[in-house]
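By written order: A, B, C and D. Residues from 1 in each chain.
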Amino acid sequence: MSILVDKHTRLLVQGITGREGAFHTGHMVDYGTQVVAGVTPGKAGEAVHGVPVFNTVADAVEATGANASVIYVPARFTADAILEAADAGLPLIVTITEGVPVHDMLVVTNSLVQRGITLVGPNCPGLITPGEAKVGIIPGNIVRPGPVGVVSRSGTLTYEVLYALTERGIGQTTAVGIGGDPVQGTKFVDVLARFQADPATESIVIIGEIGGTDEEVAADYIAQHVTKPVVGFIAGRTAPPGKRMGHAGAIISGGTGTAAEKTAAFERAGIHVARHPDEIAAIVARLIGA
Amino acid sequence: MSILVDKHTRLLVQGITGREGAFHTGHMVDYGTQVVAGVTPGKAGEAVHGVPVFNTVADAVEATGANASVIYVPARFTADAILEAADAGLPLIVTITEGVPVHDMLVVTNSLVQRGITLVGPNCPGLITPGEAKVGIIPGNIVRPGPVGVVSRSGTLTYEVLYALTERGIGQTTAVGIGGDPVQGTKFVDVLARFQADPATESIVIIGEIGGTDEEVAADYIAQHVTKPVVGFIAGRTAPPGKRMGHAGAIISGGTGTAAEKTAAFERAGIHVARHPDEIAAIVARLIGA
Amino acid sequence: MNIHEYQAKRLFGRFGIPVPAGEVATTPAEARAVAERIGGRVVVKAQVLTGGRGKAGGVKLADGPEAVEARAREILGMDIKGHTVHQVLVDPAVAIASEIYLAAVLDRGQRRTTIMTSRQGGVDIEEVAATDPSAIKRVTIDPLVGLQPFHGRRLAYGIGLGGAQAGQFGRIVAQLYQAYQSLDATLAEINPLVVLADGTLMALDGKVNLDDSALFRQPELEALRDPGEETEAERMAREAGLNYVDLDGSIGCLVNGAGLAMATMDVTQLCGGSPANFLDIGGGAQADKVETAMRIILRDPRVKSVLVNIFGGITRGDEVARGILAALGNIDTDVPFVVRIVGTNAAEARAILAGADMRTAPTLYEAAQMAVAAAAGR
Amino acid sequence: MNIHEYQAKRLFGRFGIPVPAGEVATTPAEARAVAERIGGRVVVKAQVLTGGRGKAGGVKLADGPEAVEARAREILGMDIKGHTVHQVLVDPAVAIASEIYLAAVLDRGQRRTTIMTSRQGGVDIEEVAATDPSAIKRVTIDPLVGLQPFHGRRLAYGIGLGGAQAGQFGRIVAQLYQAYQSLDATLAEINPLVVLADGTLMALDGKVNLDDSALFRQPELEALRDPGEETEAERMAREAGLNYVDLDGSIGCLVNGAGLAMATMDVTQLCGGSPANFLDIGGGAQADKVETAMRIILRDPRVKSVLVNIFGGITRGDEVARGILAALGNIDTDVPFVVRIVGTNAAEARAILAGADMRTAPTLYEAAQMAVAAAAGR
C-alpha cells in the first residue's frame, strides 16, 4: 500500500523537453514509473526517453489516459501549467519548480483546493512510492518498500533520512516532499491524514523547518487524529530571525515560526523528536522494532 | 413544510434604510417574518419598523443570530452586499435588486456555489412560505399554505398564478422567484430538487420564459428525478429574436432560447403545459383533485 | 446594447488586436476622402446592427476614389433587414489566405465565459455548429481565475495553428478576453480573424454586445449608442424608464411586469390577434409613467385596440385604475381599451373603470378576446 | 526583499495613499536643501532596514535649515542594530491627533491575505497582539474574489471610525491592498496611519516586503534593492546563485539543500560550536559553484574550520568529491576542512577525499564534532 502514487499511476510530465524535465523523465522511466505522456507546447510528435510529447495537457490526457502530472516548467510559466493540468481533469499535480511567485500560488492553491485537486509543491522534490512509482526528483536508489511514511518540507535532508532508514533495512510506504515555499498545495496535515488511513503505514516521520505555523497545526492534528507512532525533526534552531534560509518559506518573522516553538509543539503532541537528523532512523528502528 | 425559508428564518435586510428596503421591511414584518436586523453602513443604532440597524452584516449577525439576508441595495453596490453576507456566514442570500452587471454576477455566483451558499436572484421577487415567512416582495395577501410548490423566472406573472391558485383554495408550500437575469444564483433545478425532497409539496408549478436553456435543463431534471406532477408555462412565444423583453435574461439569441423549444422540452419531460396563464391553476386543481 | 463594427474594431485595437486602419464615413464624399488617405484598394462596408449585409449588397470592394465614392453612394441609405445604412466603414482591402472565427461569449447555463474558435471563419458560427460541430473548439473560463495562456494554446493547436502563428493567436485570445471583461461585454466576436499573406492575423470584422446593466460604469460605451438604430417609440420608452419593444401587430399591450407582458402578447396571438408591442410599466401605479406608456402605444397608427393587463399586488388595483383614468384624461384618442385588473382590490378597480365607460374582463384570456374583437371591428 | 521607508511611501503614494511630501538625502547639505524646499518644521528619519530606529535616536524633529543639517549630520553614519545609516528621509512634520496601524500581510496557513488594523498605531503590532489582542481587527481576503468595499467598512467601523473618515479609511485599505497585489508584496504596512488635526488620514511610515520570486516581473522594484544592506559575501553569493546568510560563528558550512544546511548548522551548535554561515550550494556537483562557495566562506577571518556536508542523490558522491577537490586546488588556504558525504557512491567519495588529506566522517554528528574540535585548536 501507499499514498497518492503507485504502480497504477499514469504520469504526464509538463516541460518534458526541458533540461530538468528530460533528465528526470529518464530517471522516472528507469525506476519503472508509468510515464505515459509529456507536454511541451509546439513539440507534439517528439518523444523523450520513449515518452510521446503533446502540445497540450488536454491532448495528452485524451490520448494516454494520464491521471497525474509532474511539472518542471520555469517558474514564470508554472501557475499556467498547474491550471492547465487542473483544467484537463488531473486529480494529482506535483510541482517541482522553485521560485513561483507567492501571489500566483495564492490563486492557484485556492482554486485547486475548491476543486478537490491535490497539488504537491511547488518547490518540492515530489514523492516516491518505493518499488512502484517515482514522481519528481527523489533518488530511486535510496528507498525501499516498507512500513514508514515520510513527509517533509525539505529535499536533501529528507534524502538523508530515507537513505538512513533504507541502510537499516527499514523501507517506506511513500515519501512526500511538500516543499519549502510559504504557500503550498499540500500541507503536513493532508499527508498525515493519508498516512493514518493507509493500512501499510506503521509509523510516520515528519520533518519540518522554521517559518509559518504548519508544524504546529500538524502537531495538533497528530495529537487528535494520528494513532501511529510519529518521529519528528525541525531544522533551523540556529537560524537568525528575518533571514530567508534558502527556502522561500524558511523565515522567522514577527517572532513566530521558530524551531523552538515547533519542537515544543511536536513534543506536546507526543511526537518523538530527534535532536539531530542522524537520530531519526534510530528512533524509528526502536519504535517499530526493526 | 416548506423549502428555504420558514417561521424559524431569522432575516436580515441589507439596504434597510433605503426607500425599497424600508417599504418592504414593513410588509415582511407585518406578514410575521422574523426580521431581526437591518444593515446600512453608517446608520448603526437606528431602527426601521422596529428592526435594529447595524453598520455591517458581521455586526448584525453577531448581535442577532440572523441566518438569511434579503438585499435591496442599488445595483452598483449589490455584488459587495452579497459578498459581505456570504463572508458573514449567512447560508441564504436573496437579492431583489435589478440591473446588477453580469460580470459581477459571474464572480459572485461562482464564489458562492463553491462555498455552498444559496443565493436567490438577483432581479427576483424573492420567496414566500405562506403563513411563515416572506422574504422579498411577493405580496403576502395572494398566498395561502398548501401543497403546491411554485418556481418562476417572473414576478407579476407568478403573482397571477399564486392568486389564481389561492382563489381556488389551493395553497402553496413555498413560492420562489429565481429572477429574470442571465446569470442567477439559483436555477430551476436547485429549487426542483428541494420541492421533490419536501414531503409537503404534492405538485409543482414551473414558469419559464425565453432566453437561455435553463428550462430545457429543468425539463431533463424533471424527467429523471421529479416524481411529483409538474405544471409548466413558458412566456414569450411571440417575442422577436435579438430583443431583450424587459428581463435582462429574456432574449432569444443565435436562434436558441425560444419558447417553442422550451415548451417542447417541457412536453417531452411529461410536464403538463398550460397554453395560457389562466389555465395553470385549473390544471393544478385537476391534478391534485382540489 | 450592440455597437457597430467600426466601433467594435476601434475598441479591439485599443486592447492590442490588429485591425485594419479604416475610417467611417457618412457621405460618399467622406468615403472618397478616407479612401484617398488610405490609398490602394479598399472595401466599403455598411454599418448596420444586423447580420447578412454582405448578401444584401452592403459590402463592396472598390479601387480608386471614384469607385469608392460610387460604391458608398450605393450603400448609404440602403435598407438592410429594416435598418437604414447611415454610415459606411472604408477599410483597406487585404489579401486573405484563410478565415478564422473567434469569440468570447457568456455561457449563462454554466455561469462562465466560453471562448470559441473555428477555421471556418466568415460564416455564422451557428451554421458551423449545425453542419460541422467538431470544427469548433471551445475553452471555458473560470471567472475566479481568469484566462490563462494555456487556454490560448489549446484553441490555437486545436484548430491546427502552430509556431509564431499560434503565439499571435494566443495573444489575440488574451486581448479579446481582456476587452470582453473590461468592456462588460456578453459577446466579443471577431469574424473573420483573417490569416494574411504573410501568415499574421488581423481582425477584419468585429461584433460586441454590451451588458446594459453595466453601462453605468462604462460611460464611454454608453456614448456609442446609435440613436438611428432605435425607433422613436423605443427612445421615448428608454428615456421614461419603460421596457418597450416595437412589434408589428395591431393590439397595443400595457402590462406591469416583463413575464406578464410576454404572456399577454402570447395570449393575444392565441386569440387570433397580433401584439403591436411589448411594454412593461414596472412596479407601482405611477400615473405619469402610465400616461407616457399610453402615448407611446397610441402614436403607432397600426394600433387598433389596447389591452391593459395589470396585477395588483402590494400596489392596490384601485390605485392602478385611477392612474389609468388620470392618464387617459390627458390623452385624446378613440382607440378602444380593454382593461383587465386582477389581484388586490381588483373588484374596486373594475368598478372605477366601468364608470369610465371602459371594457373590463375578469381573465386575461377573455380580455385578449375582447381586444382582438375590438381591433377587428376597426 | 525589504525596501526602505521612503521607497515604500513613494510606492504607496502612487496608489493614491496620502503620504508626506518628503525627500531622501545622503548628506547633511542635501537634507538642508530638502528642508528649505519643504519649509517649516520637519522630521529627519534614518533609512535602515531594521526596526527600533526611533529608540536608537534615528528619528529627530528639526526646525529650520541649520537644525536639519545638524540632525542629519548626527543621524547619517549612525549604527542601528548593525545597520549603518547611509540615507535620511526629510519629511514635513504634521500635527497628529491619533495613530492607526494598518497592514496587508500574507497568511501562509490559510493561503489568504489578512488585512489588520488597530487604533494603537505607532507601536509593533506584535506588542498589541500580546497585550490587547481584541484591539486588532482583521479581515481575510479570498484571492479568487479580491478585496471588496465591505472589507474596508468592517475594519473602519471595527476600530470606531465613522462618517467621512470611515470612507477615507476604506479607500486607503483598497489602495493598500492594490499596492500589495500589484507589487507582489508579502507585507504592506502603514504604521502609523495618522489622523491629522482636520480628521483626514495620512501614511506617516511604510514598510513593504517583496516576494523575491516575483522580482522577475517587477524590474522597477528589483532596482530598489539597497546594496548597502547586503554584506559583500551575501552579494557575491546572490550573484553566483547561491543561498547564503552571514552568521557570526566560527564553523563555515557548505551544504547541498536548504533543509540539510539548516540541520548542519543546528548540529554544529549541538556539538558546542557555532556556525559562521548558512550556505546551500543547490543541486549537482558544479565545481565552479563549489569554488565560489568556498571563497565566500574563507574570506571571513572568523572561520576556523569548514564543515562540508553533501548528500549524493542522483548526483553521485564521487563526482561531488572531485568537484570539491578541483575547487580546493584553486584556493590557497590552511583552514581545516571536514567533509562528510553520504548517499550514492559515498564510499568512493571518501576514498577520493582521503587521498587528498582531508578529514572525513561517516555521520553528520561525527563530522560536526570534528569540525568543532578543529576550530577549537586554532
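The working rule: contacts are C-beta pairs under 8 Å (C-beta built on N, C-alpha and C of every residue); 3 or more make two chains touch, one makes a residue touch a chain.
Since the structure is predicted, the reported quantities are computational estimates derived from the model, not experimental observations.
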item	value
Which of B-D and A-D has more C-beta contact pairs	A-D
Centroid comparison with subunit B (C-alpha atoms), farthest chain	D
Distance between chain centroids, defined by C-alpha means - subunit B, subunit C (Å)	27
Mean-CA-position distance for subunit C and subunit A (Å)	54
Multi-chain contact sites of subunit C, meaning residues that touch two or more partners	142, 144-145
Junction residues of subunit B, two or more chains touched	107, 111, 114
For the subunit B and subunit C complex, residues of the former touching the latter	27, 75-76, 99-107, 109-111, 113-114, 137-139, 141-142, 152-160, 163, 180, 182-183, 207, 209-214, 217, 233, 235-240, 243-250, 254-255, 259, 275-278
Of all residues in subunit D, those that touch subunit B in their complex	139, 142, 144-145, 148-150, 153-154, 157, 162-163, 166
Of subunit D, residues touching subunit A in the complex	106, 108-109, 111-113, 125-126, 142-144, 181, 184, 186, 211-214, 216-217, 243, 245, 247, 255-263, 265-270, 274-275, 278, 280, 311, 313-314, 342-344, 363-365
Residues of subunit C defined as touching subunit D within the complex	144-145
Residues of subunit B defined as touching subunit D within the complex	41-42, 44, 55-59, 77, 79-81, 83-84, 87, 107, 111
